[in-house]
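Following this line, the structures themselves.
Shared chain: chain A. Partners: chain B in the first complex, chain C in the second.
Right, the complex of A and B next:
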């Protein structure tokens, strides 16, 4: 009897050991996947940073690239809202305008450094965003869309009609200084890339933090999240404010790369819609999404410059096809095989311990 | 002066009201914010030019044919583009109509060119005196047609079987389906109706604002604001909202200066939503915070 018992505990001990070994392998694998992700990002950003060193890259290419980067930053801002909280804004052009004017006016009147301008733009947009959140968060889907749209026009009107903002003539900036050095196309490109890196890192950390999980919990199961102690007002306001702040950075960069701000550009509804479209086409749940979407939205009209109408049609067709066949966005389409492969590897090693939930099909 | 401003405000407002009604018709039954609504009217206006100039039709035959074409366009968009994504969330439906907007815009620019064209029928600007204020004949005529369309729609929704079925679908699609109402057919009918209204709007607006691919952009947005103002589910609310916006715009244009004219609607909507998140005649849907 006692012998039998001993054997049983032996088997159990063996099993435990085996389980523990498996768990540690799975953990190692997961850690390696994260490391690979980070490595891929570092590689991408590294390439972007050294791109100006290639002899065939010209100044105009870099300013075009800066515009793409600015769009990606704005799209990342909208993604925080749309992707992680499920709230939809069609008025982020308004926050771009606030960012652009904050930085441009500071540069014009006080001659501040670009770095200061960007930080001021971020704070200004974030604060105004937090205030507006209290109005907009009460609106449901379609109402919020029109409300935010109204806000974008509202900003446009104020900028256009109050003399201090010089809306009708626009503000011309003659030079950009970063940390005391005057910068041109190359320098500006680098500043944009650095901003993009910082924003991407921030969003990545946000998404994987408790705050990010609270956003997603509120999106997926509002009542359950609240029951578990997630403060809805606090986290939604925070998300809106962060989203506005990031978009504000893009606005400030935009003002300086074009050297000119005018209210007409930002108050245009299609400007805000384009940013939203970048997020929808690229995908709003993966960080890669805004990169793909931003590139698509800026480069499409650029390549079809001679065929403006054709580029309109293409935009529409692509949008409809993406929504029909890859509602989660193009990025999801690219990433899905990779995710599936990783899941298979984990399942082979970990067996039943790894959650084998299939990815949702929507 | 004040009466004059209000009267011309009502004239503009009645045109916004038609757009707002079309917006509400589609939103009630499909939860779709249809940004392509204005472009249906734009296509209608271009077709109107062709029918009048190249085919030499008379005005009323042209109007009928344009309305028919726009109905076909609405039905086509629903069947080909919207139906496959009909079960998706709100954002997907909304962005899909943006896709339709881009395509119609691009096609119109491609086929008919980007420059503004005059509509062969000129706007009847002869002033008529109404209650001591002056208004042009054309505006009176437009208001009458808007009123007529409103009346037809009201009869449709209260007296006909299809109209009542449509309201049933609005209230509860599943129950309506179980009661034997062909929900899919009703949804198609919704879009066809939106097309029909767009056809009228296109022909009515064309003499006032000229014809170009962008002609409807501003009016569409105003129509939207009006619809949201009224709560997005209510026809009455949409019409009231549209008339209020039309009048407020004219008053702001008259007393504050024309710079403020276009943005008044947006100030109004932001202020209204801050206090009444469900709109003026809102019956449902507000998010709690």
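Right, the complex of A and C next:
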């Protein structure tokens, strides 16, 4: 009997050892996947940073590139809300405007540095976002979307009608200084890229933290999230505020790149729609999504330039095609084979005993 | 012995229907307590009251002697109460590991620090992951850590949910029909796990269950409710011999 028992415990010990070994292999694999992702990102950002060194990259192309980056930043902000928290906002143009005017007015009246302007825009948008979240989050689903749309209109009306903001005449900005240096096209581009890198890094850290896990828990199963101890209102407010703050950065950059803010531009509801569209087209679960979407939204009108006003219709056509054939976004379509392969590897190495179906195409 | 969780005179109304009528019960520290009763007796409603998912019109809930009437579900988790649901409630598109780690939400500390990856927050994060892996080992889920929960069979999902509840380091675990829909092997396994959790981890357990064999074997003390009111209480042995309980609930089983 006792021999038997010893054998049993030996077998058990062996099994435990085997399990531990498997777990540590899985951990190493996961670490390697992360390393590859980071490497890809570093390569992309490296390319972006050295792009201005090519003599052909100048003038229109450079300002267009800055604009793409600004949209990517705004889309990253919306992604935090739509993709990771499962809330929809069609009024993020309002935060773009808040960021733009905050930075523009500070630079104009107080002559502050662009860095200070951007940080102020971030804080202003984030604070207003947190305040508004307390109102919006009482609404659910479509009602929240309509509420946020109302907010965008509200901001537009304020900009148009309060003399301080100079309505449709707009505010023309002077020279821009970053850390004491006056900057022009190339400088703006680099400042935008640096902002993009910081924002991307932040979003990556957010997603891979307990806070991001709480956001995703609320997105996937509200009751289970509450049973896990997630304070629904607190974390949704936090998500909304972060999202608004990131969009505010994009707004500040936008104001300075074109050196001009006016109600005609920022009161336009199309801004909000464009940002949301960037997220829908690009995809809102992978960080690559906003990159694809931002590029699409800014560059698309130029590819259909000869269609004039009909380019708007083409946007709609593309949106419908994407929703039909890649509802999770174009980035998701690109990344899916990679994701599936990694998942299968991890499952097999982890020693899964369960036969699994491939995930549905949805 | 002190009471871990106690409720007094709980009354819940859904419109004109009285789901719970003046129910009282208490869970002693370190015990496994069962809550049984026929279908529609108000067990799950009472359960939702205790975890503060369900508002009530009268009565009070006390946790370690403190009144918790004003608290919300997530506050209860931070106080060491974790629960599972009758219909499995999980993050189906996330992996087992992530599901269990989400259960450890109350351990992440300040969310602002967590998302800024301060060294302290990273340390907590590693601890949550280590703990999740340990829990998976106890629940025989080590192989499925990287598998999406939606892919797993029912019995596994039940265990993942239990894992999610355990991840918050609870001192009291509330299980709503932990073995419902499981086959004999799965029931035996879960019964073993509940025992381990109670004896080795020192967690008090309150469970709602229809599987009488399992309830009688696992519980130290039982409360029986019927038509939204207290019917009887006592050790499994007492309950088995209580004529009223037999009439209300166990009667059918006596004939077979």
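Criterion: the second predicted complex is superposed on the first by the 319 of 362 C-alpha atoms of A that agree within 3 Å, B and C clash if a C-alpha of one lies under 4 Å from a C-alpha of the other, contacts with A are read in each partner's own complex, and residues count from 1 in each chain.
As a working rule, a residue touches a chain if its C-beta (ideal position, glycine included) is under 8 Å from a C-beta of that chain, and two chains touch if they have at least 3 such contacts.
Bear in mind the structure is a predicted one, so any value in this text is a computation, not a measurement.
Of the two partner chains placed around the shared chain by superposition, chain B is the only one that A:317 touches, whereas chain C remains out of contact. By the touch criterion defined above, A:39 reaches neither chain B nor chain C. After overlaying the two complexes on the shared chain, residue contacts for A:347 are found with chain C alone; chain B is out of touch. In the superposed model, A:115 makes contact with neither chain B nor chain C.
Of the two partner chains placed by the overlay, only chain B lies in contact with A:147; chain C stays clear of it.
Once the two complexes are overlaid on the shared chain, A:280 sits against chain B while remaining clear of chain C. Look at A:13: by the touch rule set out above, it reaches neither chain B nor chain C. In the superposed model, A:162 makes contact with neither chain B nor chain C. In the superposed pair of complexes, A:172 makes contact with neither chain B nor chain C. The contact surfaces that chain B and chain C form on chain A in the two complexes overlap at residues 232. Against chain A, the residues of chain C that register as touching in their complex are 51, 53, 72-74, 77-78, 82-85, 89-94, 98, 101-109, 111-112, 114-117, 121, 124-125, 128, 133, 137, 142-148, 151-153, 156, 164-165, 167-168. Of all residues in chain B, only 27, 31, 33, 81, 84-85, 88, 90-92, 94-96, 98-107, 109-110, 114, 217, 221, 224-225, 228, 232, 259-260, 262-263, 265-267, 269-270, 273-274, 277-279, 285-289 touch chain A in the complex they form. Interface residues of chain A facing chain B in the complex, by the touch rule stated above, are 82, 88, 134-135, 137-147, 149-151, 153-154, 156-157, 160-161, 232-233, 236, 269, 273, 276-277, 280, 308-320, 323-324, 327, 362.
Those residues of chain A that touch chain C in the complex are listed here as 16, 19, 22-23, 26, 202, 205-206, 209-214, 216-217, 220-221, 223-232, 234-235, 238, 242, 343, 346-347, 350-354, 356-357, 359.
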